[in-house]
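Two complexes, one shared chain (chain A), two partners (chain B, chain C).
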Partner chain A sequence: MRAGKETGMPIAERFESIGRKGRQKKTLRCGADSLAGSVSQRACVYCGARVVLNPVTDAVHLVHGPIGCAVYTWDIRGSLSSDAELYRSSFSTDLKERDVVFGGEEKLTRAIDQLVEKYHPPVVFVYSTCIVGVIGDDLEAVCKSASRRHAIEVIPVESTGFSGNKADGYRAACDVLMRVIASGQREREEAGESGSSSRDELAINYLGDFNLAGEAWIIRDYFREIGIPVNTVFTGDSTYESIRGAGRARLNIMQCAGSMNYLAGKMEEQFGIPCLQVSFVGLTDTADSLRRVAAFLGDEKICWRAEELIARESEKVKPLIREYRRKMKGKKAAIYVGGGFKAISLVRQFGELGIDVVMVGTQTGRKEEYETLFDLASEGTVILDDANPSELEKFMVEEGADLLVGGVKERPLAYKLGVAFIDHNHDRKHPLSGFTGAVNFAGEVYTTLFSPVWKFTRGGEVWENGGYSYGRASC
Partner chain B sequence: MLDSTPKELKERRFGVINPAKTCQPLGAMYAALGLHRCLPHSHGSQGCCSYHRMHLTRHFRDPIMASTSSFTEGSSIFGGAANLKTAIRNVFEIYNPDIVAIHTTCLSETIGDDLPSFLGTIDIPAGKRIIHANTPSYAGSHITGFSSMTRAMVDYFAEASLPEKKEQVNVLPGFVNPGDMREIKRIVRTMGLEPILFPDTAGVVDAPMTGQFSMYPEGGARVEKIIDAGNSRYTLALGLFASSDPAMLLERKCGVEEILLKTPIGIKATDNLLMALRFGFLREISPELAEERGQLVDIMTDTHFHFHGKKVALFGDPDIVSALTEFLLSLGMQPVHVLTGTPGKAFENEVGTMLEEAGIRGRVKAGGDLFEFHQWIKNEPVDLLIGNTYGKYIARAEDIPFVRMGFPNLDRSVHSYLPVVGYKGAMRIIEMVSNALLDRVDRDALDEDFELVM
Partner chain C sequence: MEEQAVSYRSVNENPCHMCMPIGAILPFKGVERSMVLIHGSQGCSTYMRRHISEHFNEPVDVGSSSLNEKGTVYGGEANLKQGLDNLIKIYHPSLIGVLTTCLAETIGEDIDRIGQEYLRERKMDNFPLVTVPTPGYGHSHSEGFSLAVKRILARLARKSPSHGRINVLVPNISPADLREIKRLLEIMGVRYTLLPDFSETLDAPFTSPYHKIPSGGTGLNSIREMPGAIATLQMGVTLEEGFSPGKYLEEEYRVPLFNLPLPIGLENTDTFIRSLQKVTGAPVPEILLKERGRLLDAMVDAHKYNFAGRCIIFGEPELVYAMAGTCLENGVTPVAVATGGKGAKLKTLLQTLRDRYAADAPDTGNGKGVGPVFLPEADFDIMRRTARERGANLAIGHSGGKYLTEKEGIPLVRMGFPIHDRVGGQRIFSAGYAGTTVFLDRITNTLLERKLSGYRERIYRQFYRGKKYDLV
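Up next, the complex of A and B:
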């Protein structure tokens, strides 16, 4: 039996969230709540806040709630640190029945005290969970008094799980980051370093890279080489101090807009730091982004060095990419990722590799991003928002995808269909950013597409065809 | 990574650092996957469902299907009745399962959603079934949740419809891998009995590759069988924490006698399983199993000098850890630090008694965390660490050989297919443990001490 059998067609409520290039107007319904009863691949507000803040390496990330929320986010992001490792431990108030009845504020207070005493962190993030939103613990007050007691920042994260979706969690995290940035800024101003004069005229902040597999380091090194210091990365390999210094930068560049758009807006509004959208996924986007940043800063030497770097790195990787392209041309890919920016870049990157994208979807893409996807995609490409596994399966099978790009929950689904898979999420093991990353990506795509395992996936066929034929030895 | 863990032990009563358990709904979801054509349904925020699916997917490396009520701000004020109603309608319409197994979450429990009364107002399509379990995340652990969902299966399905009990046996395997469930069924069948084993995730989360995706693979316990479980002579409850509660309900509800056993890990616990079948049903021990036992003892003899006196720290789920402690003692090892994250004094009593009888002074704790466990190891170093994936931080910090066992295992594969239960499973444990110990000896040996034959 073919699956999709459980489901037939997507039900009526989902029609507006699924489109096909060339057959309709270029919009999708997106950003809506998932349907009750769906097998959604989406997560909650807490999840959104946690993934954005988690890479702050020297913070205590204390989850105020029952144990689960802390367990499922324990060291899963794969964001690398150059120094502190505190963010890789899991802290929870482990709320129990009596806390639910009598309130968890006392327990939270003690937990903060003990953790501060033990680890001496510069900052504690206290995450709110579903249950805290219901029992009404006053996190702000608890954190404020702890902050006073310990003379460090103790900041509540408004991440009550049910109060929206993952994107609302991104905002909650950005609010926290903004609070830290603002306090750093205030302190500098009080010390007489006033706003714009304390700016490093070339320094940039890099928003929306979580340093998975060390990706932010690759990009930082590119900028360093062309003479642009990266001031703060949000939030890959960041620290409390580095975030406090973010106001020093002249320019923000933003990769993952889904999570960082809000912060970029706030920083522009409050500190007058403008923002450029960039992407370091794929050769075209990487080169283009480096050029635009260099041009923005308007220094001729920098532009020139950027061209030099682009030329050199492109030269290095192009023969490799060309070779992969030769082997993989004509294969078909499906994409299902978290945010829109990544989907857009991946469509371009597959273009570089000669691979057709037959389906592309995201969990939390925005309207403009879907419009871009409609522009970029080739005729007939399926474009969808907040897909469930049955829909992913249906379109992968119908469109004959050879490869799926996705996250942890999509991997086994693809494998079951005998479809190759690339993790472009937390479980990636190689950096996929920049020129180096483009080659890694092509290599990973090649490895999975051409694995001998796909020859064995349909056992029945082998038996019906009478086994394998081996080259006949001459005798 | 854990360099900052201090050696000095101080009582910590407020919160957990590096947990050794997770929340109830995950266990309920896993249990529900052990019903044929069942879709687990999480009544709460969609994050819970997503997290549980992700965690289970990482462990089993198979698609884990479950739906969610997708609570919003509104539902948490006005209650989740409307969401549940819509959800159930959509689930049957879109995903067409035979059974929906609903579990609650901390959110729906705290706002006081009353599932039985909600369910009373929902139209269930003909031939379809809904069961539910209350699994507030702020009590117990994933093991409690597993137990609660298993109990719901008894509660909703089991019926004593015959005047006399049948020569059949119910087996409640507890929270173990599908590979273990397969092995337990094989053992019971080899004894000439057809087990009614539930939950049974074999063929669901270890389904074979066919080139096709199925929401509901071939495996899972059949409802008709669980209904008939009320007519069985005995229920073997494997593991106090995961299985005793549903077995007791089965005894109360249907008069099926409960035999409480350890999870059959190691020689003694497997012996006891066979003895229960032998005396309960007057069967002879099958020659096949007798041979396996003989092989196991042969292996234990061949390798006993590798194990004797070695100190072990082990942690994980209570039923697994308790049985494993017993086996380690059979091997002559010294389990000096034994911890579970699941709360329950019974664990401390059970393990404490075993250690005491063996004359070992060790630390035992239920409801503990891995921060404290690490401190114990710092205070009394061990030769071997056994536990789930999260043990790897401690193994690295203290440079201890590490054997992965239990849930979750996020960084190694194949484990869910191969059993640790029964005589065969015991052989596998010995292989894993001795390989870990001997690899370390080889790694650390000076050239002049490096030996070919060991």
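Up next, the complex of A and C:
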């Protein structure tokens, strides 16, 4: 017996989260809880917190909870480190039935003690998970006493999975980062090197780059060349010490706004460090961002050097990009990524390549970001929040997308539909930032769009069999 | 046999196992037109989908009741019901599995009651809704898997007239191995019901148009009629009390149960074929005799290389047991055998195996021991330490073992679930005589690779002293 009937339409409760450029007001419902049973692609608060904090290389990342939450996040991200490797281990208190019944505080205490003794980390992050939120372990108290015992910071991360979504996890992580920054700041104040006078007049913090495939290193190098020291990167290849020193910068520049907006706000509020939104995704954005940062710091020499760098690098990559563009012009792309910042940058970057975006969506985009997307998108583009596989399928097929940009879960869907795919997630192994990244990106787009395999999925000899075709019938 | 003392460990460093619900998802993917809904917060199901999807390279759609703060405090009934509604609207499944998570279990959700009520309210009384309580903190994914199979049976199986088929119950193995088991059954002329069967659904051919629920899987009617089978062959020698679907069929419907190891390895495959022969009474077809002969030939060809192998084997108990047997019958010494769960039965089984093969073997590992240590509730930290102490030069297991390669330089033969850092996890072929042959080749070639790469350099360093011509 089968339930329901074939409609091909999304479920009614989802209508308000799906829009089309030109056909309606420029807003979508977003930021709401996922609809039960709709098979959302979203992860949880803990996931968001882990994304942001995980790249802190010398920290012990201890997941207080049952094993699953830790095993599914063990070394799944491509953040690189120039030194410590501790962050690549997944530590879990592996809560069992009796812990759930009698509470997990003692186990947590022992776990922290053992880990500190074994690894001597400068800081321990203790992530809370769903059941910890329910069984009522007092993380704050356990951490505080461990902190005193070991004379290092042991910080609870309020990442109970059900209390919001990934974006709330970003905020929880930012709170932790703030705590570390503030403690560093306090110490400097006590040592008498406080206030704006202790700041390096040119140094910047770089927020929202997780050093996937060395991306933060690439950007840091650009700034080094034009004479701007990068103080702290949040959080790619960062350490406890580097985060503590973040208060010394004159300016914050922020790439991934979804995860870092909150931290930037706090830092402005508490230390008076202003923030500039940047993007190093694509040629135009990269050049533009370098110029704006240089201009902000108002040093002529720097501006001049920035121009030099931009000219030199553009010179190098433009012919390549032009060549790719010639091949790819007129292709259609669909985008489904985690945050709004990335989606916006991608729409622009596809513009550079002459590729039309026919669908764009995010898991946790914010209202302003959707407005920007509506502005940027071309007429008729489908824009959607917290989509599910069946919507992705529907719109990719209806809009005739040749290419999808997404994460691990979206990839097999695209491939099953015979659609090319770009991995734009945290486990990527090649950099997509800066001038180098722009070429890599174009190269990857080319590789997946023009692979000979599509010749076989789209046409050629096909055997029909009971309504299926192994290959594609219509060509 | 030695056993690493796992007193009450407080911290798991780089886990070897997963949580219960992820294991329970898989059997549902092997039942025709079925879907799964996980009652709990959104994150769990997304993580599990990602984990499974990356192994099989297939879309893995799993619903979540997306419990939020309110649902957690006041109960998630409304969420669960709405989740079922939407899942039905989108997928039109013929069966739905409802699993729980740590969260749902901790707040005491009664999925049986809610499920019953839901069906009554929607006037779907006959719809097969299969509930499986799977608290992540309860057991590992292996128990989740077998419990789901058992619950599917408990919901669907009906007293049926005898139909002459046999039931074949399998643990979590690759679609390639499922296909091989089916091929062996067919060659042996046995009519069967295989449960679960995700050989098509989780390794689906490229077809057009795309189907949200891929075709394939064990048919519901076949499952209903399993009580009418002549016997049950269950590849589940390591199954613990309460988690054995075969036992359920035996106790409820008197279907005779034969527990056997996975047909990986010569002896294990022999056991399987011999059992089938008992059913048919017919001689083993020529084609299988040839395959067996070819495996034997391969074993002989490689036996000296294999003797250099000192391996650490890890993963799910059933697979680990079959792999240990395969290694032992080829002279590859397992120095440690690890599993993430408790694996109580596994220990005794390994003991017997070891006694048969290696009881009085000389210790060629420079005092590092002959027989395997057994590491229950293992994580990769313990495995790494043990592998180093006991001089392992080979690891066999899922892709978590890349850690042993990275940290200790021990090469990994990838096997089991999950495989995340290579393609083709779903196609890893190791069952039957043919599969064992390629499995063995993978082991031997990994050992050879190690031996041949750099042996000139090694020997030069070890033995060459001084100049070329002593007289010059």
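Everything below uses one rule, namely that the second predicted complex is superposed on the first by the 450 of 475 C-alpha atoms of A that agree within 3 Å, B and C clash if a C-alpha of one lies under 4 Å from a C-alpha of the other, contacts with A are read in each partner's own complex, and residues count from 1 in each chain.
Here, contacts are C-beta pairs under 8 Å (C-beta built on N, C-alpha and C of every residue); 3 or more make two chains touch, one makes a residue touch a chain.
Computed from a predicted model, the values in this text were never measured in an experiment.
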item: Combined model on chain A: chain C and chain B, fit or clash; value: clash
item: Touched partner set for A:S451, first chain B, second chain C, both or neither; value: neither
item: First, second, both or neither for A:V408, with chain B first and chain C second; value: both
item: First, second, both or neither for A:S82, with chain B first and chain C second; value: neither
item: Which superposed partner A:T27 touches (first chain B, second chain C, both, neither); value: neither
item: Touching partner for A:Y46 - first (chain B), second (chain C), both, neither; value: both
item: Overlap of chain C and chain B interfaces on chain A (superposed complexes); value: 1-3, 6-7, 11, 33-47, 62, 65-74, 89-97, 99-100, 107-108, 110-111, 114-115, 129-131, 133-135, 161-165, 388-390, 393, 408-409, 411-413, 415-418, 457
item: Touch list for chain B against partner chain A, complex; value: 1-4, 6, 12-19, 21-23, 25-26, 39, 41, 44-55, 57-58, 61-73, 75-76, 83-84, 86-91, 93-97, 105-107, 110-111, 136-139, 141, 207-216, 341, 371, 390, 393
item: Residue numbers on chain A that touch chain C, as the complex places them; value: 1-7, 11, 13, 33-47, 62, 65-76, 89-97, 99-100, 107-108, 110-111, 114-115, 129-131, 133-135, 161-165, 388-390, 393, 408-409, 411-413, 415-418, 457, 468-473
item: Chain C to chain A touching residues, read off their complex; value: 9-15, 17-19, 21-22, 33, 37, 40-44, 46-51, 53-54, 56-69, 71-72, 79-80, 82-94, 101-103, 106-107, 124, 126-127, 135-138, 140, 204-208, 210, 212, 340, 400, 420
item: For the chain A and chain B complex, residues of the former touching the latter; value: 1-3, 6-7, 10-11, 33-47, 62, 65-74, 85-86, 88-97, 99-100, 107-108, 110-111, 114-115, 118-119, 129-131, 133-135, 161-165, 388-390, 393, 408-409, 411-413, 415-418, 457-460
